[in-house]
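Chain nomenclature is as follows: A, B and C, assigned in order of appearance, with residue numbering initiated at 1 for each chain independently.
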Amino acid sequence: MGKHSTNMRVKLPIFCLLLEAITILLFAIFVRYNDETDASEWHDRMKKHNESNADNDFYFRYASFQDVHTMIFIGFGFLMTFLKCYGFSSVAFNFLIAAFGLQWSTLIQGFFHGFHDGKIHIGIESMINADFCTGAVLISFGAVLGKTSPVQLIVMTLFEVTLFGINEFIILSILGAKDAGGSMTIHTFGAYFGLVVSRVLYRPQLEKSRAREGSIYHSDLFAMIGTIYLWMFWPSFNSAVTAHGDDQHRTVLNTYYSLAACTLATFALSSMLNGEGKLDMVHIQNAALAGGVAVGTSAEMMLTPFGAMIAGCLAGIISVLGYKFLTPVLDSKLKIQDTCGVHNLHGMPGILGALIGVIVAAAATADIYGLGMEDVFPLIYDGTRTSKSQAVYQLLALLVALAFALIGGIIVDNYISVLNVGKDNALNDVIFMRKN
Amino acid sequence: MGKHSTNMRVKLPIFCLLLEAITILLFAIFVRYNDETDASEWHDRMKKHNESNADNDFYFRYASFQDVHTMIFIGFGFLMTFLKCYGFSSVAFNFLIAAFGLQWSTLIQGFFHGFHDGKIHIGIESMINADFCTGAVLISFGAVLGKTSPVQLIVMTLFEVTLFGINEFIILSILGAKDAGGSMTIHTFGAYFGLVVSRVLYRPQLEKSRAREGSIYHSDLFAMIGTIYLWMFWPSFNSAVTAHGDDQHRTVLNTYYSLAACTLATFALSSMLNGEGKLDMVHIQNAALAGGVAVGTSAEMMLTPFGAMIAGCLAGIISVLGYKFLTPVLDSKLKIQDTCGVHNLHGMPGILGALIGVIVAAAATADIYGLGMEDVFPLIYDGTRTSKSQAVYQLLALLVALAFALIGGIIVDNYISVLNVGKDNALNDVIFMRKN
Amino acid sequence: MGKHSTNMRVKLPIFCLLLEAITILLFAIFVRYNDETDASEWHDRMKKHNESNADNDFYFRYASFQDVHTMIFIGFGFLMTFLKCYGFSSVAFNFLIAAFGLQWSTLIQGFFHGFHDGKIHIGIESMINADFCTGAVLISFGAVLGKTSPVQLIVMTLFEVTLFGINEFIILSILGAKDAGGSMTIHTFGAYFGLVVSRVLYRPQLEKSRAREGSIYHSDLFAMIGTIYLWMFWPSFNSAVTAHGDDQHRTVLNTYYSLAACTLATFALSSMLNGEGKLDMVHIQNAALAGGVAVGTSAEMMLTPFGAMIAGCLAGIISVLGYKFLTPVLDSKLKIQDTCGVHNLHGMPGILGALIGVIVAAAATADIYGLGMEDVFPLIYDGTRTSKSQAVYQLLALLVALAFALIGGIIVDNYISVLNVGKDNALNDVIFMRKN
């Protein structure tokens, strides 16, 4: 029995079953239904307040949740199937990581939010947040795709989810920054964390498998399924945890127009930069989505529709330029093999999104927001902060996200690099078997 | 003109058109819009009760309906595309059966529910129930995949839908058992019905086409589309007809965590049981879904999140073990060729789900459920039953579902086996033509 | 540098960037958030009217919107991937056209609806309407598939969206016709517009690429993804802009049963008309959807469930007959190469749908509709029109839609035919590059 089979046949089952057992134990000790989910509590509350519509909130959140869920499992899962010999790994590991990540993040995020009486109280909002956290891990997965074993991916998930929870708590609760669509907490953090981890996994022998790092005709169509689901449901992603009413409505609208504008910019740049005027499927699959990332912080704010479109255009342009000029440099100079180009889709557009958030926050006035200021910028509304100081905190939040990604990534590297990886695991679905 | 072409060119059109004509005639005689769907009735009611939110119920149900609809047509349809030469048949017959099944079950279920003044009154709930019933037929289709002509499938649908309606009426209305997600009425019934039908279709010459009973690379990716949609939307499936509020909220949450835990158990068992530690795509495609089946009866109850996760783990383990050890035995000893392994995904997990329902019902106390008891266990709430007697009825319901499946399957066998099937129909898309 | 590369490398980027810049400028000048989307306005209104549920409308519309969005991007996009060498073009150009079309139609439709104080006020309803308008353009795209460059498609979109806005305004606002699901405004207009444009693009040398106008095994499965999403979500399409309550409920139900009946008719006709009794994948992919088109005008009305099923059956039969007998004639006699058969899926069923609308409107009585008449036929309700005169206006609306399609198509032809197209662009993904 070779090292490879040991890793898969012994380590993977032990890791999965042990972690699942620990998770179940922690759930048994700490996790309880929240008041909306508990049969007794909910009916008591209904009776006390005579609330006949108490469940509307659940339904509106659940609709958003299912859209986000689709992005996590179909969107991310299929976006990465473009590699011709790595489709099973892309979809299946995406599935495994997400299934573990959402359980683990329920615990981690639960200690920061909704922890009282010594228990974590869960409901639809914790499910959305668990999916969000999982999204960050899947972005990192895109950077290391083809260079890790499933055991390493689970270890990465374990650490990254934990760091995500701390990072998000600092940004949202301590700094009081706004980041409903996660330009900073999800995209910037997930991308740079993954890129740092990718660096430690750089191995010369991987070059041999470069021939496999290509697509075949149908694998690119599968990837387009991922792209289009991400594109369509991004308005739900950015608005899933914003306040009901105008906030959610506006977030949806801004994201929709940002993505539409981004798509035209992507097609334009892609054919412009190609010697023969050809459209690059990699750009269409990825850069057209950067518009969603770029308004992740600001879509909730009074960005205006044309402001959203400008943000989308910039994101598309930056993203295509990144694929064309920056990715090859990262690989050759910095030894960072960014398999899916997450730096171009999530990294740079995430930073752009954070900076747009800084600008739009700085421009907030009582005249523009009216009573709506309370939902968007509660600390400006109650007089704790001025618009300018809110902008400073937004900028600080970006720096925190970057710091967590870089330092966290380096810490995780140590744990990941000691784990054994089957040599032929690179960009190859050899660890899967099929009926034949 | 051979027997095969006669079957397809003459029998199929006649069957389809005749059944459709009869169905339309029965709709014209019996089916009417219900009060929420009828222009005049709805407005009269709105006026009388001054109900401005009378339509909320429709929207919440419709959102669940579309998720269930996606599971039926995309989920089941693509899950079965893993066979390399049978993708068209899988998707297209799934489509045909479902389109007929939902019309027929509107009639059958309508005679048991919502029949008054000599008419069947339909609306969004009857649409959900029609999709549910169709789900049972599609599970049976998974067991007989590749061994039937479309005419046989339509005959099977006609009978199975009818039996489903009677079985469901006995379990829910006469026995007063709870089974919102259909562990018994849909999964157990559908699976064992299909397995019995599969037995009569066993033919030695089918062995010759065994070479075709395999997958190719991309067919397994198409199947993963089916898997992931079923996995994502299972919370909507289990909660589609539960009471609004905490019930639906809790059902969603329990199903979500059960599936997540099931996925880790599936990956662990799959690599553990493979000699080389490889992950089997068949397990990932199917066993990871067993967690949804296993909480079909109990997700509505106060199962607790960690209880749901234990249920999910057990289901994943049982399902992979079934694929590994039981399916070959069913084939060689009992002559049951379970093409899609529905016994492992729906049969055993369905029974497990029913038994978990028995246990959780037996543990119900007024303290745990409070006023919420009325929605979950109305007969315990109003004092008609104790928790223990409710548990006994739950067990009885399982036996009824199994009895209907086995006896019903044997009856249907007689009708199906006399119908002619083209020899080369087995696991081959020969009856489809394409543009080329 | 050949003509082809110039077209792609210079013209496409300039067109995209210039149009996007003009669009953003027009948005900056004219487009504002509406009262539900604006932070200040919404909260003022909430305060004034003490509306705690003011946002319900948004959520119900947004759920419909996401279903329609899925039909536009996944449904139409993948339905056209059946061609073996044109999958990238189908999905990617669908994506490009839709992304531009929805921005442009926000402007055009905004001048006709919601224009006050010199500004266009947008929100969720304008987003749905923008997607609807885009649907018409994508139907036309189906007729010209494989015969145009992306630059020509953008020009076509620019004109068609503009004509769509005028046509829709005349039909709905001036004639007071009802057409919630767009049998006339979307399907009839889009199909005949596309067919006229297709005629001017007829070129003898295209015949050479006929060999490429076929499918391969997996391209037909991708197309089935498109088909099934369109089929499933058509009830949402037809009901997206109808009144809440019984209207929306009834529209959903009628569309659901129409499609189910249509599917059985399609399978029956397909095998009946084939010499060997085979089922044609083209029929299943397309004709089974005609039931949604055929009730686009009337689903909102008191069509009755069996009336909807008869409409669906007729549509399926007409559509299969069209594919079998009419499409070859259009090609050989009229030089109209209808690549996707939009005449059979949208053209004829659209006219059928308009005519069913005429009949059902003529049969409207106060007894059947009660107070619900106000929502369905406001002009009959307030005494302005009789049922018979409403029916006459419905018929007039069909003629207007046909006239706009034919005359508009001819006008657009002049602009499109002068634009350069790469010769080898026909049914070939040569203008795309992939990672390999």
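Note that a residue touches a chain if its C-beta (ideal position, glycine included) is under 8 Å from a C-beta of that chain, and two chains touch if they have at least 3 such contacts.
Note that this is a predicted model, so its numbers are computed, not measured.
A.B. asks: Answer with same or different: of all residue numbers used at the interface between subunit B and subunit C, are over half used by both copies?
C.D. replies: Subunit B and subunit C contact each other through largely non-matching residue numbers.
A.B. asks: Mind checking the rotation angle between the two copies, subunit A and subunit B? C-alpha superposition, nearest 5 degrees is fine.
C.D. replies: So the angle, rounded to a multiple of 5, is 120 degrees.
A.B. asks: Would you kindly tell me how far, in whole Å, the mean C-alpha position of subunit C lies from that of subunit B?
C.D. replies: 33
A.B. asks: For subunit C, what residues touch not just one other chain but two or more?
C.D. replies: Touching at least two other chains: 53, 56, 59, 63, 218, 225.
A.B. asks: If we count contacts the way the header does, which residues on subunit A are in touch with subunit C in the complex?
C.D. replies: Touching subunit C from subunit A are residues 53, 56, 59-60, 63, 67, 82, 213-218, 220-221, 224-225, 228-229, 231-233, 236, 244-250, 252-253, 256-257, 259-261, 263-265, 267-269, 271-272, 274-282, 284, 288, 302, 304-306, 309-310, 313, 367-373, 375-376.
A.B. asks: Would you mind writing out the residues of subunit A in touch with subunit B in their complex?
C.D. replies: 4-10, 12-14, 16-17, 19-20, 23-25, 27-28, 31-33, 36-44, 46-47, 53-56, 58-59, 62-63, 66, 69-70, 73-74, 77-78, 81, 87-88, 91-92, 95-96, 99-100, 102-103, 106, 122-124, 127, 150, 218, 222, 225, 431-436
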